[in-house]
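What follows is a set of structures for review.
Paired with chain B in one complex and with chain C in the other, chain A is shared by the two complexes that follow.
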Partner chain A sequence: MSKYRMNRQSRMASLALMGVLISLVSPARADLNRLDDSTLSDISGQGGIYLSGDISINEDGGPIQNTYFGSCSDASKRCGARLAYQLKEGGGWMVLDDIRGKFSFEGLTLRVRKIDSGFGGDGALFNRDVLEIGLPNIVRYDSVTFKLATSSTARPTDPGFQQTDIFSVEMQGDVVLEGNLLVFPTGNP
Partner chain B sequence: MNRNWLTISLNFLMAATLPGWGHAEMKSLSEGELSEVNGAGIGLVLEDFKFAHGTDVENGQIFRIGGIKNSQGEDVEIVVNKLYISGAGSNYGETLTPVNLGRLVNPYSIDVVDGNDIGVQDKAVLQFAAPHMVDASQGYDCMSASATAGSGTCASRPASADLPQGERPDIGLQLNLTVGDQDTANINIHAQSAVIDGSYIRLWGDNERKQMVGQFKLNFYTPELSINACDQETAVCGSRIVMQNFALELALGNSLQPVYFDVDGTGNFVLEVAAIQQPGAGTIGDDGLRDSSDAATWDFYEDYYTNPDYRSNLTIGNLSVGDRDFGSGRIEGMLIQHLKIETKDLAQ
Partner chain C sequence: MTSSSSFLAKGPLLALLVPLSPLVQADLQSLDDSDMAGISGQSGITMELDLAATANSISYFDDGSGIHLDGFRIGAASDPNARAHQIYKIDILADASLNLDFLVQDRRIEFTDVHLDDNPSASMGGVFFDHDLDGNLRLSPGGALSSAGYTYDVNYQMTNGRLGYRTNGNEVFLDGISMDVSAPGMTLDVDGSTLVLASPSVTGSYRVDAIRYSNNPLNHGVSRDVTSGELLPSYGSLSGDFDLSSETRITAGGRFGDEGIRIDGSTTINSANFIYSDDGNSIALLGMTGASTINNLRLDVAPDWQGRQSLALTVDSISGNLDIQQVQLGGNGKNLGQINLDYLFADQTINGQAYTNAVYLQGGGNADAGNQGLRLAAQWSLANANVAYTEDGNRVVFSGLQSWGQGDLTVDVTRNEVRNGTQFYDGLRIGFEGVKGGYRINGLRVGDDDAPLQGGTELLLALGVFPSYDFEIDGQITLGAGGASGEGLTINSDIQITNGRAALVAAPYDEGSGEVSQKGLWATELNYDSHVRDMTVDVTDDGLAIIKGEAWGTMDIGNLRVGDKTDGGSFGRFVVQNYEKGSSMTISPGGAGNVCVGGSGADASSCAASGGMWEMRGDEGVTVGLKQVFARAVSDTKRNAFIWETHRHQGADGPENGTGTQLVLNDIYTSDGEDLDGDGVEDNTFGIQTDLSVDIYRTKVVKKGDGADANGVVGNRGDEKIMDDSTAAGYRYVASPTETEKADRPLGFAVQAHSRFKELSVNNIDLVHPTGGAATAIYGVKLQNMDIKANLTATPIQ
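Up next is the complex of A and B:
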């Protein structure tokens, strides 16, 4: 008798648990109402995104401190970021070295735009949506530098490290960058 | 038994509520299968675009290229006075106006293309391309600033009433060169109404050499490419070297002879176009004719030596210096059969 009760209890427990789990996964039973055209016309999504900001890359130095990398106040060390790319298995490395500086911009915009006219007749032929990136007119460069180099090893701390700096670029001040970059898929997927 | 029933019901529920936990195994794709992948690429068009940067020390603008040494070990410093991309008619960069780059129906594109379609067997090829050339019945003359539809093979259109900004930019670069403590030399290069339609860069990997390889095509057409030098202090400029109707069609590497990129063990950059392989002994007849040769081998070399896509051309309509004309010049059908460029560090 007690065995029967135990079984019955455990069966009841399992059924209750099952009920709870089913109620968690089963869909809600409220009816969905259809929106009419006038209600829909009142709904408006966000028109786009307006971005302003600063992007700093290793302005004072990166997180790594060793014999090669260090703080920008230490003239004997490099404080910029390093990007190395191997072009051949077992070969040397192409390097973008000492990448640092700050870019500031105001008014980079992002939105989806429908193009169906303009562009000397191309707009009507195109007749699709594009992602429009509105360029910010002025980008301010603050001590932006990088070096193009070739190197025998990926990391400066690897044994046998040897590097040839090909040239370095330094940019400072306002850069005019106006217009819209339109991005869209090509072909017929 | 009852415990089993509980376990089974729980297992069943777990499986029902976690449908994402499939048990299928993922398989890697072979090179052949990958080469069949041809997704839609990304099209890029710049609308009303204008770019300018330069050096104006008083206003805190600096654009400098350094770190270069000449063979005597002296520092070479290049100060970029001005670099601009503007609408046509900028008067050598004096008045910058907006320009469209690329067309919505024929944009700049980034794409992964099927190598089998471009002569690179069983490879997926990464391609960066400018607007492609079009049929002469629809295209525009590559040089003329008043070209109309049906006058040439370029897709980019000059400015017109319908398209006031046009799709052909003025591009210019003004440099000051300082070598050691010598006086600064100035050099200015301007291209008017430039078109680079039909240019592309294709990159893929080579299995045998385990190396990055590529193929470049650079088309550059301009009705006027000019070079001059001005005095820094007085701003008086010397004679302008003008190349009118300048057309460069440079093919560096092709599907049979791609360009190999490498950095050697000592850290020097190496760019190489390998020589085409020699025909096997006896595959080409003594008289060199197809009848006496292995047909497939003969056809291969016939295509290599006659295919215009593998060849580079340079045409200058008229070269003038100041008020002197030197007439036209052209280099046609140049085939790069072998090339090896290796950088050397002079400081070592």
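Up next is the complex of A and C:
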């Protein structure tokens, strides 16, 4: 079992990386454009919302109390959430187990805007509406942990349950996410 | 409100006029000479009569078209063959005023049918009104405008009242009505060709013991079922008080043809309170004040826009405002906050189509429910409204609400049966037939009505309300009497929405320079088929409790568009199916209270020590508790599923659904993961439980980059936005705000959420190719033991 501790300050100078990620998971592939800093800096606009807050997962454990899941103060049990999925019919299960942690962010924005200027002249050529997700400058990870495992059954309480924990991950610290994620359709809907 | 005050004042007038009617067949007391001699101001005249009057039909004709009240009767309420007992005492007082004391006992006024000339077999249904009256009317010469008018002082007490509506043997009625009314100084004048009725003060109180429903045709205006002897089920009880003043102007002449009636009026609500109670727990609207003006309301017998003969009520405009100081919910008197609204119903043009405000009343109701029922061919046009919600002194205004539409509403009292091939349910059925309309909200204003327009209407999505919505509705909602226990509501509904266009994110439609194309993220070509069975609604000690029996539906979004709602780019088709059994929702007054944001701790010092921010969000606000129990699939329509389809074949009318590539999450369900009741099936009672506490609160907003923002306000990255009316933009940026400046942080919605579930499963995830068929990508997903807590603030962007 290995353990990976992440504490990084990464700066995304453009939208390209996130845009690529979106396009990889989406059949509706997005056209990508490089945005300058002034475009990315504003929180003002023609509407939308500004979100801040924190989200914690299984801070004090979950609702199941059985031989496998229990209180976080009980070292013999796991108190995090568990995700299992099966890629082959009748096969084993991939598992993310004992998922816990806390995320904090400040300044995630959401709005719809039209891009028809700027971007070194590309905006006028683009001339379309986009869903703009303004990324928070900092996302703080506080004791975010999970274990990657394989299991013989979906539930740890199923008969014949066997599980192998491959490695665990703990994330602590700040991740810098700057700029705007622009989401727009393209291709045949 | 004008009609209400007029009605209240007319009660005694009816009492006066009824014995003068030529239809009346009454036993009259003979008067001797000494009675007749006393009219100079001493002993007066006393008339005691037992009254039973019937008329086969009473008709009103307008430009040759008639509306007919059939089966008209005045008599005893307790016995259809008996007479109502009435005593009238008339005196001429020393100041030449006429004093009438009246006492009415056990009287019912009713008619069994209302029909129009063009369709005698279609009836609007019957109405009955039972009452005892004890009151006084004093009539003095001289009105408000001239000596030719009259002044009335009215006081009366009504008890043992019932007001009911009956169709096809089923009834809904207000039972046990009691009311005290005092209306001194009412005046009646003729101003040119206009009759002016002024009521400077109408005060009183009322109580309705129960709102009852009967599905037994043998019952008519009785509290107990005549067959079983049991009390009829009740929706709940009502009570309240009022202090009104009004002026009503009545002129001859309708909107169609030469004849008809014109009414103009204004009403001021000086104070009012309204309480709905369910088994002793209440929804109370307290401290209401307001005003309303009706401009050019016309009453005609005339055809609607489809040529159907109707009793037509058409109006140029209705405007007003209503302020509610407290909205209390539940048994402990806790307050949701304050609500203020202003409104203007007036003609407007939307998308090139003109809309007005009109209701055309017709007989028949739903075609399968029987020949009695009410059909309202309606057009509505809400040109502008603003709705403000204030809690703990913080105010958010939903600004620029507009709505429009037209279609048929049907109203029937129905019973649980299949009739003419249609399933009906016990209760008051409201049907929608070809109702095509919409609404939109321009934006939010925080603080006060004059604050700058901001975005953020998408925050309403948390309450299941789209910021903008065009729709065509067919279907029905039946409101049955009786909740989960005792009084309350039971709802069965089937709603079909077609050709919908709903905004998930919406920019303003008017930013101050006239109407513009409203940008947003839109669910278009939306068809939504929704069904609810045996959903109960009760007011409990904690608040409002809604328990769904069985609910299923399919929301088919033909295109998810960004930008314009008609031609914006599409992300493809999305289908969301839901099938729930035993889901519930509770709405409770009071928000999150004291919260440690970003840290942990039970008080300010321990919260600060953990790095958190201690927020005292007050006593008001709202908390919503949700339990969603996703049942396992039993059919293609009763299942929980999600489908995303793209690359559809382009037909003549756009992309054709079902011809593209699909991602399918099939049979999503919750489970308790164990079989505690031993029935051989895993229990599914825990579901996904979510508690949401919502407050309006000052929120921290930081600038995300150096320099000037879009409004030209300069600041550095990380500076806080502080509201400041002395600046042109209404705000400035501050590097390190003082405690005083923190009190001027922008207002937003603060949401404390806690969601948990034992198991959430997806049976399979398929990729479907239009020719290759379905291929399973994932053979099962199981998410267990999840508990998520969140503190979020959502602030409109200015």
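The working rule: the second predicted complex is superposed on the first by the 136 of 189 C-alpha atoms of A that agree within 3 Å, B and C clash if a C-alpha of one lies under 4 Å from a C-alpha of the other, contacts with A are read in each partner's own complex, and residues count from 1 in each chain.
FYI, a contact is a pair of C-beta atoms (placed from the backbone, for glycine too) under 8 Å apart; a residue touches a chain by one contact, two chains touch by 3 or more.
All values reported here derive from a predicted model rather than from experimental measurement.
Asks: Touch check for A:Asp165: first (chain B), second (chain C), both, or neither?
Replies: First partner only, chain B.
Asks: So, A:Asp174: does it touch chain B (first), chain C (second), both, or neither?
Replies: First partner only, chain B.
Asks: Per the contact definition in the header, classify A:Val112: touching chain B only (first), chain C only (second), both, or neither.
Replies: Once the two structures are laid over each other on A, A:Val112 reaches chain C alone.
Asks: Who does A:Cys72 touch here: chain B (first), chain C (second), both, or neither?
Replies: neither
Asks: Taking the superposition as given, does A:Ser152 touch the first partner, chain B, the second, chain C, both, or neither?
Replies: In the superposed model, A:Ser152 contacts chain B only, not chain C.
Asks: Based on the superposed arrangement, let me know which partner A:Phe126 touches: chain B (first), chain C (second), both, or neither?
Replies: It touches chain B, and chain C stays clear.
Asks: Quick check for you: in the superposed arrangement, does A:Arg82 touch first (chain B), second (chain C), both or neither?
Replies: second
Asks: Which of the two partners, first being chain B and second being chain C, lies in contact with A:Ile55: first, second, both, or neither?
Replies: second
Asks: Once the two structures are fitted together, what part of chain A is touched by chain B and by chain C alike?
Replies: Shared contact residues on chain A: 86-91, 93, 130, 178, 183-189.
Asks: How about chain A: which of its residues touch chain B in the complex?
Replies: 7, 10-11, 13-14, 17-18, 21-22, 24-25, 86-94, 115, 119-123, 125-126, 130, 135, 147, 149-152, 162-189
Asks: Give the list of chain A residues in touch with chain C in this complex.
Replies: Per the touch definition, chain A meets chain C at residues 27-28, 37-38, 40-64, 66, 69, 79-91, 93, 104, 106-107, 109-114, 128-131, 134, 137, 154-155, 157, 178, 183-189.
Asks: Applying the document's contact rule, which stretches of chain B touch chain A when the two form their complex?
Replies: Listed in rising order, the residues of chain B that touch chain A are 2-3, 5-6, 9-10, 13, 16-17, 38-53, 56, 59-68, 96, 98, 100, 103-105, 107, 109, 111, 157, 160, 162-163, 209-212, 260-269, 343, 345, 348.
Asks: What does chain C use to touch chain A in their complex?
Replies: 443, 454-459, 505-508, 511, 519-521, 559, 561-564, 568-573, 597-598, 644, 646-648, 650, 655, 660-661, 663, 673-674, 686, 699-707, 709-711, 713, 717, 721, 748, 751, 756-758, 776-798
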